[in-house]
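Both of the next two complexes hold subunit A, though its partner changes from subunit B to subunit C.
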Partner chain A sequence: MKPKVAFFDFTSCEGCQLDALNLDVGEVLGLLGAVDIVNFREVKTDRSDDYDIAFIEGSITKESEIPRIQAIRAQAKVLVALGACACTGGVNCMKNAYPMEDLLKGVYGECAEYYNTIPARPVSAVVPVDAYIRGCPPTTAEFVNVVKSLLLGKRPDLPNYPVCTECRIAGNVCVFQRGGTCIGPVTRGGCEALCVSSGRFCWGCRGLVDDPNTNSEKDILARYGLTIDQILERFKIYNSYSEVSKCQS
Partner chain B sequence: MSELKIKVNQLTRVEGHGNIHLEATDGKLDRVLWEVTESPRFFEWMLKGRNYDDVSTISSRICGICSISHTTASLQATESAFGIKLTEQAWLLRKLLYDAEMLESHVLHVLFLIAPDFLGADSVIPLVATHGDIIVMAVRLKKLAYNLAEVLAGRKTHPITPIVGGWSKLPDVDELKAIRERLEKAMEDMDTMVAVVKSVAPMIPDFQRPTEYIALKDPKEYSFITGKIASSDGGTFDLVDYKQITNEFCVPHSSSKFAKHSRDSYMVGALSRFNLNSEQLLPRAKKAAKELGMKAPIHNPFFISVAQTVETVHAMEDAINIIDKLLARGLHEEEVKVKPRAGRGVGIVEAPRGLLIHDYTYDEAGNIVSANCIIPTGQNHLSIQKDFDALAPTILEKPEDEIRHTLEMLVRAYDPCISCSVH
Partner chain C sequence: MPENSVLIVDSDPAIRDTATWLKGAGFRVSTASTGEEALNLIDNQDFSVMLLDMHLPGKHGLGVLREVKVKRPWLQTIVTTDHPSVESATEALRQGAVDYLVKPVSPQDLAQLVKDTIKSAASKQKIASIQIKAKAAPSKIIPQTTFVISRDSLKNLVNSLIKERQAIGVKAKQGKFSFDKIKSFDDLTLDYDVTVNPPSAFFIPACETILRYKMGDNPEITPVTDTTPRVLIGVHPDDINAINLLDEVFMTGNPDPNYTARRQNTLIIGVDVLTPLPNSFAPSMSSHVAESGFDLLLTDIGNASYMVTVGSEAGAQVLAKYAQVREPTVAETARQKQVREEALSKYRLFLDMPREKIPHLLENNYDNPYWLSRSESCLNCGSCIMVCPTCFCFDVQDDVSLNMVDGERVRKPDGCMLVDFSKVAAGANFRGDKMSRFRHRMYHKGKYILDRYGKFGCVGCGRCSVTCLAEIASPLEAYNAIAASEKTKEKARRTITNTRPEPELYLPHLANIEKVTALSGREKLLEFKLKDGTALGHRPGQFVEVYVFGIGESPISLTSSPTRDHTFEVAVRNVGNVTGALHRLEAGAPVGIRGPFGNGFPLEQMEGKDLLFIAGGIGIFPLRSLIQYVLDRRESYGKINLLFGARSPAERVFADDMAEWAAAPDVTFMETVDKGDENWTGNVGVITTLIPKIQFDPKRTVAVVVGPPIMYRFVINELKKRDMADDNIIVSLERKMKCGVGKCGNCQINGVYVCQEGPVFSMTRLRTLREAI
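Here is the complex of A and B:
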């Protein structure tokens, strides 16, 4: 019996679902041979509520999304958070800096009363999550790796070292040495430092490593004449929800 | 008394969350409603206070499908605010990346999301068994578009290298050459794609509702990211005057704002572009349009995907031409100098599904004071509703499943980016 897989989208740009499936022909056929995709609103009309593995995209930003994610959790044997919005709350949590009423009035004006919103939160803040596929968006390779692990009944082995490790392997000049600021020293790797290798810097989309070396980060900031506030502004783009961000703001 | 109630919760094979409600009594329509239930994300507020260097990174996250469009509109808004002019090389690269956006988005919509409607399937998945060659081609084309974007921008979804004033990293020449070869080969796939669409064209519902068609217009080319706003009802508008067109307003059943201009609705997207600019299509795309029997103006919204097919050919042709230009002139490192200044800038592009507007006001340090984003699907919601109003009464005698399916197909035809429209 092939495992039944479902994809669900909550508040997000829906890029992760489509990016995860940006597979080559062989990979597509391989995936379809290994699992039954039973629920995937963005590409499929028929739906079934009988599934084993649920991939969740997006964060929770409406009251009505809470019972929905709870019902999915109750059904799924394995629940996977897919992408930054699901894993850390992602960019959606930037709105949490404002009173919800101000947001509604600011964007919808007199019609604010038609709509509702609650502070955005990652999926794990509402229900237990079994596995995380991080990034904004995650890489297709990582998605495939996680699927393979889950099908083998293994816990996915994902990097828990900072982006700097991969950045060095990629042979990049350190962003700080180029005069910029970078969240790479405290951000979980696995992206092969794609943004820095593309001439930019790390925005921290994969969230913090489990045990960030904050002292070392402070040393780096001091060495390059930066304050914690300067780096925190950028850090908050993806990690507004995290405790680190809360205690600093 | 016979009552008919149709309710589609969370329409499938579209981006984002929308519902359809229809109620009729004794064969007479009581109401038909297009309802947008997507969660608001408040990007315009998120952008407040953000430095220009992070702005396109944040605003591209409005949409995973058309993130290159958002990036481009965002960069052009900031460049306009700061008075930055791009070099020829930077323009060519930006247009080339844009072709990748059109290509990927249109292939996804026409061959993965729309095709099952015409081939009697619930999704593309069973088509792997019944129409294997076409699906293999669709996967190949989508991958090619993705790879083209990767070579230029690091990745397709949420591009990395396009920055205010230019590029943080130039593409590798050998990779560009390799992509060019694949594009040339894929022109054969375009013949197949056109033939596939032509073969299902007789199944397209015969429905006409003329409306106002709005798109960018550029005297020099079939416009994707340049030019002014033009209306089929006449007149062109400077980009900064976009509010004269969009006139956003709220309705209680939609978390996306609606928009309205001179008529009861207007349409943006591939069919609007085709209706306004088809004479400027590149030769192979013109041939494809002829093959598909497309002649402007077309007033059937179900033909949006046929127009997308023509644009797919155009984008591929344009991409080959641009790569040839880039290779002939050589790629050169260019220093990107940005001097922020206080002021307002408007960037408008043609996202695959239509006119996309980013409007920013900056302070002198280059931080955003206020932002306004207007999304193509937001502009099309009213057109979808008015099409519903016109179409539903004419199909009420049909079986319930067929009515439901026709209404679903109509929304899908617009290729809506619903979460994008709520942002």
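Here is the complex of A and C:
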């Protein structure tokens, strides 16, 4: 029997789900041949509460999202965090630095009282997560890789080295050597250094590598003229929720 | 090269007589009075013989000889010296000097020797070239013939090759250079320093399918090899040597079919370096020239023409098919040599030892603290290994299609600097810490590969040091640092053995008290002079056993610098029998002295560094000898920060010295007391409160900390917060030392005798001694 797969979105832009769909025709057919998709708002209107694998997109930012994610966790055999918001809390966590009432007023003005918000957090801060597909957005290849690994019952081979490794393989001139700064040295690779290869720098969307040498990275960024505050600003875009940002206090 | 040009390097003006005589005998003579001057001359001019004096102001003759051997290996050097020794003679001849002469030498003899040297060098070259020809002729190797090709004809050659095969060449990229696909000759850059990516990427690609399979009841497996015909254009000699190593790895023993297929279908057109990368040390690895491994090798000789050396049958064929070449003129051949020599003279980084010594050096230094101290800032980013032209390790992964039937086995890049490289399935990681990974890479390059394949795993291209943000990746720096620490170790061993021969271990030398000065209520400064009038010959940080007749001996730190006088000083606090007796003695009184003992402060390590001295209470006693020493050799050190803490204003000692130190140029002096009094206007608080107030660069500073045991813990914590490496934190310990010569055992910390291996220790050493602090 083919495993039943469901997609759920929490607070996010839903770009990750769209990106998961960004497969070529062969891959879509392959995917449909391998699994039954029972719940995927971007794709189909039918819904079912009977599923084996749940892909979670988005971070948890509202009180009401907590029982919902807990219910999904209770049903799913495998729960996969999909994308930066689900994996690290993503950009949503930038709001955690401000009083929640001010944020509501700022966004909804006079209607603020009709809404609620709580400090944003990654899915793993609320329920256990079995696998992560990182990035903002994740790469289609990695999405497919994780799906296939789940189907084969093996642990996916996901990179645990910084973006630099892939950046060098891509033959890029290092951002630092071009006069810029980058947090690629402590950011988990797997994106094939997409942003740097396109002429930008790494924004850290895939989260930190295991055991990042953040002290050395701070030294290096400082040597290249950034202050600690500027460094943290850069880290906070995608990694506000992580330990790195907690270092500031 | 002028056949009769001589360079005389000597600071002695009398040597001009020799110069005049040599000129008279028909030689062209230049002179230099220092090593630096000589090296400058050699950079810009060629000489056939150099007369080199060993004792020069500044750089030592042996140092000059070593650099010359890298820059101008063919320059015949005759060493001259006033101070002959077997060691320096052996070293000079080992470094390639043709003769070692003890001065004075008569000008006539010297002129004859110079003539003979030039003659024998010329005949040696002739023999060598005959041997090369004889060796090449019967083997498969094509005799390397060299022609001249015009730029237009080269363009035609390249454009023709582009039509028949995939062409990879050097292109400008974001202010740097990179190997990339080229569509025409005009895309190419042939004068560049280094490419961002190594050419090995085209033989071991980042991601490569090695086999395909179908799963099911009847599985099928098909090997996949890439036989696309390619040409790599513009490969530098160091990279060609790197490919030669990869050939050794992948094409001998169990040949790798994928590498072999790529290699056999790829033409390599090399190009000599005109502008070396400042980080490159290729000449030290002898890889700045390539003798094989290319199909064609170009040298830009100006005037829109190149010398082209044929390295293989395939190279000869494409040259014959697509290019017009002619025999070079004598001037053109000379120009090629000149171009290569000019490029060689532009290299600025050198190994401090012949590269053959690297494996041996590594063998003896597996536990050198260097590995730990440098690897601390490693980002594990893998950049160094990804840009390395000789790195070849890989991972193999399986990739199944979504249909769950078709699959591929894929080779992916991996390497020793990446965290998961040595991780096994159960989760253990045999090189799980930064130090062991960092060390492994340096050993792989300098020893393991050499042991296995007979070639060094580093060609000195400099890519890793350019790309490493933490600035720790350069093998040159590692090998030189290890070599330097070996030297320091040797010196340290030498200083442990007593500088004064001691026929009778326990027999004191007689000395008299010259002068007694009261420092405080409890402390006195005693100045001693040995009865035989000789200097004590101590190093700052050493101690002596002071004997008061009838009372006993006590180990006491030397308080004065050996640079000051033939007398020596000790400061003594009245705390026991011997110190009490010393306090009662007056000028003229006889005492016994044994020593100096112990290792003293690491003076060689401190040279050229910024210094941070931290003294608590009577910790200033031993430190004063070092402060005096450093101030007497002020030009050898950088910025000096000096922190002193006393319990109260009444316990401050050496106030006059402190005033002098505070006034010394480029010295920051700060003082604190734990508790002030009504007259005290300075800082109040423990000594750690001063550390945040000073400016220092923890990377280039050596801190020397001396004080009571309680102070060490807090001060060292504070220094670690500022990211000082353990290696650069030096402390002096106090222990009961009855004999001073490693016999009585009182002073032992774990297995270490403080009187011999201390009392000065680096924190790196102390961390391994659990009983230390």
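The rule is simple: the second predicted complex is superposed on the first by the 242 of 249 C-alpha atoms of A that agree within 3 Å, B and C clash if a C-alpha of one lies under 4 Å from a C-alpha of the other, contacts with A are read in each partner's own complex, and residues count from 1 in each chain.
Simple rule for what comes next: a residue touches a chain if its C-beta (ideal position, glycine included) is under 8 Å from a C-beta of that chain, and two chains touch if they have at least 3 such contacts.
Only a predicted model underlies this, so the values are computations on that prediction, with no experimental measurement involved.
Asks: With everything superposed onto subunit A, say whether subunit B and subunit C fit together or clash.
Replies: fit
Asks: Between subunit B (first) and subunit C (second), which does A:Thr11 come into contact with in this model arrangement: first, second, both, or neither?
Replies: first
Asks: A:Lys44 in the overlay: touching subunit B, subunit C, both, or neither? Say first, second, both or neither.
Replies: Touch partner of A:Lys44: subunit B, not subunit C.
Asks: For A:Val91, select first, second, both or neither according to whether it touches subunit B, subunit C, the two together, or no partner.
Replies: A:Val91 contacts subunit B only, not subunit C.
Asks: Tell me which of subunit B and subunit C touches more residues of subunit A.
Replies: Touched residues of subunit A are more numerous for B.
Asks: For A:Val209, is the partner it touches subunit B (first), subunit C (second), both, or none of the two (neither)?
Replies: In the superposed model, A:Val209 contacts subunit C only, not subunit B.
Asks: Please indicate which partner A:Lys148 is in contact with in the superposed arrangement: first for subunit B, second for subunit C, both, or neither.
Replies: Touch status of A:Lys148: second partner only.
Asks: So, does A:Ile72 touch the first partner subunit B, the second partner subunit C, both, or neither?
Replies: In the superposition, A:Ile72 touches no partner, neither subunit B nor subunit C.
Asks: Check the superposed model and tell me the shortest C-alpha distance between subunit B and subunit C, rounded to whole Å.
Replies: 10
Asks: Contact residues on subunit A for subunit C in the complex?
Replies: So the residues of subunit A touching subunit C come out as 27, 30-31, 33-34, 144-145, 147-148, 151-152, 157, 160-162, 164-165, 167-169, 171-174, 176-178, 184-186, 209-211, 213, 215-217, 219-220.
Asks: Which residues of subunit C touch subunit A in their complex?
Replies: 173-176, 178-180, 196-197, 201, 206, 376-383, 386-387, 397, 399-404, 413, 418-420, 434, 466-467, 469-470, 723
Asks: Can you tell me which positions in subunit B touch subunit A when the two form their complex?
Replies: Those residues of subunit B that touch subunit A are 10, 12-17, 39-42, 44-46, 51, 54, 57-58, 61-65, 67, 108, 112-113, 116, 122-125, 128, 136, 139-140, 142-143, 146, 153-158, 160-161, 163, 167-169, 250, 252, 255, 257, 419-420.
Asks: Which residues of subunit A touch subunit B in their complex?
Replies: By the definition above, subunit A touches subunit B via 9-19, 22-25, 28-29, 32, 37, 40-47, 61-62, 65, 90-92, 94-95, 98, 103-104, 106-111, 114-115, 117, 136-137, 194-195, 197-200, 203, 233-234, 237.
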